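Sending over a structure as structure tokens; questions will come in a sec.
Read from first to last, the chains carry the letters A, B, C and D; within each, the first residue is number 1.
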Amino acid sequence: MSAVRAGQVVRERFESAALKDNAAGDPAVRTVPIYLPPSYAEQPARRFPVCYVLSGFTGRGTMLLNDAPWSPPLDRRMDLLIARGGGEMILVLPDCLTRYGGSQYLDSTATGRYEEHLVGELVPWVDRRYRTQAERDHRAIAGKSSGGYGALIQGMRHPDVFGAVASHSGDLYFDYCYRADVPKLCSALQRAGGLKPWLEAFEVALQKKHDDLTVLNMIAMAACYSPNPGAPLGIDLPCDLESGAFRDDVWRRWLAWDPLQVLETRADALRSMRLVYLDCGIRDEWHLHHGARFFSRRLHQLGIDHEHQEFDDGHRDVGYRYDVSLPKIAAALGA
Amino acid sequence: MSAVRAGQVVRERFESAALKDNAAGDPAVRTVPIYLPPSYAEQPARRFPVCYVLSGFTGRGTMLLNDAPWSPPLDRRMDLLIARGGGEMILVLPDCLTRYGGSQYLDSTATGRYEEHLVGELVPWVDRRYRTQAERDHRAIAGKSSGGYGALIQGMRHPDVFGAVASHSGDLYFDYCYRADVPKLCSALQRAGGLKPWLEAFEVALQKKHDDLTVLNMIAMAACYSPNPGAPLGIDLPCDLESGAFRDDVWRRWLAWDPLQVLETRADALRSMRLVYLDCGIRDEWHLHHGARFFSRRLHQLGIDHEHQEFDDGHRDVGYRYDVSLPKIAAALGA
Amino acid sequence: MSAVRAGQVVRERFESAALKDNAAGDPAVRTVPIYLPPSYAEQPARRFPVCYVLSGFTGRGTMLLNDAPWSPPLDRRMDLLIARGGGEMILVLPDCLTRYGGSQYLDSTATGRYEEHLVGELVPWVDRRYRTQAERDHRAIAGKSSGGYGALIQGMRHPDVFGAVASHSGDLYFDYCYRADVPKLCSALQRAGGLKPWLEAFEVALQKKHDDLTVLNMIAMAACYSPNPGAPLGIDLPCDLESGAFRDDVWRRWLAWDPLQVLETRADALRSMRLVYLDCGIRDEWHLHHGARFFSRRLHQLGIDHEHQEFDDGHRDVGYRYDVSLPKIAAALGA
Amino acid sequence: MSAVRAGQVVRERFESAALKDNAAGDPAVRTVPIYLPPSYAEQPARRFPVCYVLSGFTGRGTMLLNDAPWSPPLDRRMDLLIARGGGEMILVLPDCLTRYGGSQYLDSTATGRYEEHLVGELVPWVDRRYRTQAERDHRAIAGKSSGGYGALIQGMRHPDVFGAVASHSGDLYFDYCYRADVPKLCSALQRAGGLKPWLEAFEVALQKKHDDLTVLNMIAMAACYSPNPGAPLGIDLPCDLESGAFRDDVWRRWLAWDPLQVLETRADALRSMRLVYLDCGIRDEWHLHHGARFFSRRLHQLGIDHEHQEFDDGHRDVGYRYDVSLPKIAAALGA
């Protein structure tokens, strides 16, 4: 282990204009860890490609660096990959966490302007502050779960900014991954007496239960996909809390954000990528392997080069997949 | 306990013409227990109202008489209710079980003609064979879960035959109760290599796992709601096994059998009932309490008298609810 | 299926002197189903061997005849085994259920005289009433779980009465199978305010939860293994409810009833058997496979012929094992 | 939030002589985070009391600083407590993790000399390197779960070193907290073909399952409480893998390490403490609330001042309890 050259992590404090006074009341100042590879300090003139790594639901960049007994933090993984011959990249680990557990890396009147924060603020700031190769062909975006979603979506929306995309178990095919939880959302909020009382009770609870996180996830998705400034907390829910009924009108607004639908108008973005990588466990608890297969099949139909892998596991504890994707990304970016 | 007068159970062997050579290969000869109340033998000229009690998924009439440590079998429940002053009725406990775990009490080319068996065969046969009050105003239909579904549907389809309906936790609002299991069905059948291999593996397994029963339930619903003689096993599934995609066309065929949709064209049937009773636990694992509320709300809108009760529990172990419904049914039938 | 000759089940009503005014307040009159094999009626002079089949915890004989979708009731199993060439036996299905969920088929001042009921009352009564081969070499005892325990114990205690023993997943090695639940018992009773309030709350609950049955099981075992007329409900518990401490003195009384200890003084009983059969699933949730292995190893050391089988499953849904044991029993009894 | 003065965390790299060439092959160099309170930098002459905070099973000091969405890391908790008027302390967060998931903070020939590392190495090193109040009356030890065990044990063994002790849900009353898992340990290792193959399979598994961690925990406890240089991996297990039998001789060696037994010879150590605090959730999944009550009762009998609190929750997500204990510790140390 001692032979592995170590990169350096700088924990930047970033004051976001985009997130100032955001609707959810979340802080505008965020800690953004930046991983600088071993050669960054040693070769002061050299420029490096950059990969933005997006956290999953209830996560933020700093948590990718958490210590754990059997799974190395992302900086350590990168050190080891480089030691094994992988290309050297800068990693940027944004914090787009919200009161609701996540932003899906989108702009929303109910949460804040997280797409703008990520693409409009962080990218140019990183390029100014660090020795990056500041072109889209040397800039990637990757992530897991909601972070994988963010990577796919932002890659499709900003091919001028990102030249490679990797999505691990990303949110896809909303009919399979979210819809089953609508009745649970509805029952829980009805029992609590509404969205606001549910949220307040959740926030003061010392322990957050598994079922509560299922409900919070659905609230977060509604905040991201179907915001409505006129609704309670600015969020239209996919069910009517009074009657309990499924709301097709709201659901259609969610579907417009399903990467499978976005792909139909943004295929050229992915066609232009140096790498499109997506994977999923075939026992994914949210059935995301189906979505990954559809997406891959559609890419094939569209004649878009990509890599689609499957693993014999589920949605959790898949940090090891970065060992698969990061070397590919580095290679694609010419690192 | 010894003071309670006991009715008598006759286990009839019924050879069904309707079920002869049924597509699923299930027996045409069925055991149909008939409960005769205490006065039946004592008063040889008296005629009695009749209640058909339908079993839930994987059940048949004989199972309603199973012995259990804390929950009396249906005949004993009826004895006790009568001892407490409830009216005396004949109970008929049909067997509409299929290879797939159930028939939903419908005619289907994939399973058999269970509606015909129930309404066209059993009812007249019981009326010929026993001293019944052989008019719809003295004939009820009741059940739990899939049996509650069967009671509601057959009540709506045959108001000439049934004059009272009781549904305990009946299948309702398919969007909430079934749809979440489509991806599970799809994954399981894909892993097994198709519907037939899955079913064969299930049938030889010594122990049936909880997840397997979820899959079987979905197969059964497909067999009942979307049969197709041209498809494997005569069943159109709500997902495409090749692509994994949800099949909207099949789903719409399911929805046509949702009691909420059936109600729109059969409201008069329920309006004519002497009793419409429905209930559900507010923690129902299949979210059926939402469906029961919608149904009740729609009945209110349509000006249809009914009783809607909620209990603070889930979907299982709710045999005690017959203690609530059976006396109401007996009263409604003039017992 | 129609070719299978069917035996007959007589549901006897047995008024027990041994159980009269038993301490737990359970009924002295019990329903005891008797299975008579197909030839019983056809050959009116022929006598048949008898097998007593003991139910598991919360069970009684009638429940072995319950209808179920994929597991035939015991009488049907026996018909099928005979059709395949198995010997014909009478099966007696005792009811030794108590308020606490079971009696372990023992005499106890806290429950009642169930050993006396079984061995002293039922056996001679069956022999008087039916055409049995009324010698120990033609009489077996078998069962599953607590019934397997009962079979082993009563076989060891009454080799004059029983000449063959079969135990499926029987309670053995109490250190592994019961001891883990002592702290759960203790916590639950403390929270309820004692044994009596816990039991009263349990009895009125409409649904019995899995955790409640764990507690009830431990109460039952205490009632059977460590009764004490001076204690609340006549039961010494293996923990002190005031301090929460494990009670070694009570535990030692339990261990005296562990078949592994009983064997040390009753080896000759098993040596005299025409069949000693025991089995277990190697994933038994109560770790009973360890106990079965110890018992088998000790039998080997003692030079006692027996059969020990293992199955790759757990404690539940193992009715299929009667298909293994009953033909062996019939053969051993000369049927 | 901005008004809260922040302490500083120094992540020390400590090269341990005690852990050099340890039997488990774990690194001798450890990262030890040291929290310095806000005034440490501002008041360069001032000395501060110190609290050693021990991690639970599978944890190490750095993990107490992990970022999480709803539970602040320990340094942030301390900042907030100080902002609310709590005394300022240095916190030392040792790393005593082993291949087996933990060391229980004991010396063992199977793991290494962790007690020596903690008490003999770290304490004097911290006192040399930082401005501590280097007397036992200004030094505390605290922890959760296995860390709570370590705090209690090391407090009792080294009253010359520590003057205050706090144990959150600490391992206590081994009969209730560990013994139930002996058969699970036994079955798992037998299936794997022994201790070594099990461990090797565990270590390469990408995902560690809940059941695996139960087994690993038992292996770790055996490595700590019943090491034996002559046994495989230097560990005597509490069961015989060949026969499956519980090993009383090994178990007695474990019990000698139960704080309840240690207390009998070390009562004076606790009597001398400025604070003895222990707590537990009354729904602790390992039944540790019983052990905490016994310990508290025994302390009462011995006339030893202490504080015993109970919370209406379980074993997990109890970081909030540091908000209860740390201010008490600070006050007891005169901070």
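Quick note on the criterion: a contact is a pair of C-beta atoms (placed from the backbone, for glycine too) under 8 Å apart; a residue touches a chain by one contact, two chains touch by 3 or more.
Bear in mind the structure is a predicted one, so any value in this text is a computation, not a measurement.
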Next item on the list: Note the rotational component of the Cα superposition from subunit A to subunit B, reported as an angle of 0 to 180 degrees in steps of 5.
Entry: 180
Notebook entry, point to check: Shared interface numbers for subunit C and subunit D above half of all numbers used, same, or below, different?
Noted result: same
Notebook entry, point to check: Which chain lies the greatest distance away from subunit B when centres are computed from Cα atoms alone?
Noted result: D
Item checked: Between subunit C and subunit D, centroid-to-centroid distance (C-alpha), Å -> 46
Item checked: Rounded Å distance, subunit B centre to subunit C centre (Cα mean) -> 36
Check: In whole angstrom, what separates the CA-based centres of subunit B and subunit D?
Finding: 57
Checklist line | All chain pairs that touch each other | finding: A-B, A-D, B-C, C-D
Next item on the list: Using the touch rule from the top, collect the residues of subunit D that touch subunit A in their complex.
Entry: 1, 27, 58-60, 62-63, 65-70, 97, 101, 206-208, 313, 316-317, 320
Next item on the list: Spell out the part of subunit C that touches subunit D in their complex, as residue ranges.
Entry: 175-176, 179-184, 186-187, 191, 243-246, 282-283, 287, 289-290, 293-294, 297
